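Letters are used for the chains, namely A, B, C and D, taken in the order the chains are written, and counting of residues starts over at 1 for each.
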């Protein structure tokens, strides 16, 4: 049988959760149950519906979850539009895992971690956070800063409130862009909030969100005394093959699908500014 | 060195027929006015070994412009995978010039690196490459810039030289030896003295011509290997691009005739009773190359034009020990609708010997 | 070899110095004699500007973008380019006030590929003396008749008269009317095909169109193809613009493209000139032009911007589509 | 012209683009008047004959049509005053081009059928289906990927 890396396998959507007005989380299982493949936090998978589209998504669930994979997906184009209208039981095709993961078992081990996410940017970080929580003793203090446009746009707020906020030695800092009735938490943009929180610099930061948020948050972190080598982020470009051959996500001498999507921020400086 | 064989030029049809009897034979065949393409040989074929460049390069035999990957049957919520891979069979690729032969190793480092592209790999394994030394290079040739010897092509399984009267044949790999064995009745052993001299004369003559080609002095010092990574951003932001790209039409001619361009797209075609997933050549010159649902990181032709040349002259060498992703075949020089090409780019960055 | 007439160069210099224009659209020299590239020059770079018998590209499409920039650009337009320029004006694609059309004379442009076809290989330079071209090549000097190496579009030249200009560089040379170089022979190729059987025509076109590599050069160079987004670049249209998948897609692309420019195509011949596979694409466009002339009256796109275009007008007496069936069974 | 004698079982697929105001109503009338026309004629209702883009016709052939017919209001009777006059020019040129490419000219046709001409609708479709049956399967403008 055709076993090329470009040939996908079938996955079944076994649960769909509506997180926000434009984000849904899809649970995917192999047809016979269990996961389609193993992955590490930060890696991606290519999901597709034949004839509709194929696109790369970060795997939201932690590899410590032995039963299924999850993908939090924002509705923003042809294929995601389609995903948002399917029902449980729908088959999709899936291939992966692709790219480099966050260095959870090396550089991040034993460190205090600062997770900073904006909007749907929580999706790749959730995998790392849940991984770290599952192996709590391997990591130091965990701070999570998560912001979105409004309280309604915070993805999977139940897990944040019920699990993360109650976890040992974890502080969660939520913020929304504009004041909103019923919201008693912080209001303001993530970069400013990070500065306000004034974390000590002996942490490793993991940063994900829209490009503009990444840019300003990185600047905030640097002002606070963070070095770029302390900050990891994850990138997104158009991808097709997922294995560094089709040329689409080529940026500088790197291929985002193969050499990324996780980069340490000092590595990004070597790349031309095309993202 | 392996034994040299020969066959008289008049009897080449017999050679083609003998090869065809065992494997499919692809070679340059007249296609349209004054042009040639690699096509499957039949006794009707108008073979043209004197044409230097086919319009499309020989890469198409290993990496076809369009190929089926898999099909899907969709019913209700279910999807079924249906095997739909184009079969690959043993074949002989005859008449490959040194530049195209070199391009295979450049494609290899992309497609055969982990994870291996099995579609490409099976064709590579099935293909026996018979190269043909150049006798009459043209003004657009600059393979010498990349250390390629057009008079003695490397990278194939059999080397051949064509004089006015004879085709000389020398196997240079196991695959080449196997093919030679199949042709024992057709090829005759070359004479150690006279024939060796004929081949040497041809090589010498070609080398002389190569040395006085107008682009013989083209040098890539500016893009030299060891400093590439640190210079990457210098080249990227260089003011030269602001002018170079302006005439570019954003078509894919250069990409599609290029032997080393390897970017591809994966697409689905709805046949009405299923979905065919195929891959096809793509061009970074096309405006939709990097287009995503929520934006396009390369919105101008400047960025797209720059990407193509940065990839060939900087990014690829940075990842491949300084080897460039260009073989100097000159197809883009001859075919670009506005004559904007890699040589002009290299020269804009001072690529000439002082 | 001097590659631009002093009068043309001086005229451009004057236009910049007297403030009429701030830049000039012309050609820049390449490595050999024939590989010239369209380029924009300013006062400082005028010295690199050329215009000679190798400058074949139709420059008018560049003016869509150039005319929407600040300032005013002088454009060296050949007689045939002015048809396209007019057509683009008619379609409101060019800001007229930002272009100063400098009509340059044309004696027909030389196609290096045709020379190669004659066995003239390794071309380095060329001297043109009347009807003779003497090529300097790697393999010595070779001469041929100029008409044997002219671009297809020049062999069927519509005439040496500029349809629109602000100034001519050589007013003496400008004819009163546009007289086709070779009489009515422009449509000979079409007639020849029309006289074949359907089976022969089918085989002819399969032979030609099967070579198409879907590079889109014909579309991207075509002044009539000025849509912001082409239907063939729309993934939702279900056509694979760049994928050379099968016969049908080749036919579809070329039929739809020719149809879309029908009535607007000035027969500038750029599609045929740029085709890397030398597909005679002009035979598709000329078929439409010939049919339009025969069925709806003589019409030359780009001749007069005031005329109604044949596909956006009609008469009550127009021929029925059945006329295609009635025209003799071949 | 190719005559298909070998395959007696061949049933042509015909796509008919019918103008909403005249020809589609004509088809209705044919139906309600119990006038028969072949079941292999698939009707696609369009607001006006001039809505038919050349791409529609080629697409129909790609998807397996053996013949394509466009039916609109009689010249002068267009619901939108002049749509069918434009369609007439376009289709004439397109059909001529298809013929020029060697595609059998009988495979494409335009007919003007009013809402009152149920009989003409039926007769036209029967006759067109007959022609296409004689011509056989569309080979020259087919897409092999779409064949089952």
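Following the convention adopted for this analysis, a residue touches a chain if its C-beta (ideal position, glycine included) is under 8 Å from a C-beta of that chain, and two chains touch if they have at least 3 such contacts.
A quick note: this is a predicted structure, and the numbers were derived from the prediction, not measured.
Taking each chain's centre as the mean of its CA atoms, A is the chain most distant from subunit D. Annotation: 36 Å between the Cα-based centres of subunit C and subunit D. Centre-to-centre, using mean CA coordinates, subunit A is 52 Å away from subunit C.
Centroids of subunit A and subunit B (each the mean of its C-alpha atoms) stand 40 Å apart. Listed for subunit C are residues 235, 245, each touching two or more other chains. Each of the following residues of subunit B touches two or more other chains: 265, 269-270, 282.
Shared interface positions of subunit A, i.e. residues touching 2 or more other chains, are given as 78. With chains as nodes and touching pairs as edges, the resulting graph is of another kind, matching none of line, ring, star or complete.
Those residues of subunit B that touch subunit A in the shared complex are 69-70, 72, 74, 77-79, 81, 83, 85, 110-111, 113, 115, 117-119, 229, 232-233, 236-237, 262-266, 268, 270, 275, 277, 279, 282, 284, 289-294, 297-298, 303, 307, 310-311, 314-316, 318-319. Listed in rising order, the residues of subunit D touching subunit B in the complex are 63-64, 145-146, 148. Those residues of subunit C lying in contact with subunit D across their complex are 190, 193-194, 198-206, 231, 245-249, 251-252, 255-256, 258-259, 262, 284, 287-288, 291-292, 295-296, 310-312, 314-316, 318-325, 329.
Across the complex, subunit A meets subunit B through its residues 1-10, 49-55, 76-80, 86-87, 89-93, 236-238, 240-241, 243-248, 250, 252-253, 270, 272, 274-275. Of all residues in subunit D, those touching subunit C in their complex are 1, 54-55, 58, 62, 75-76, 82, 85-86, 88-106, 108-110, 140-145.
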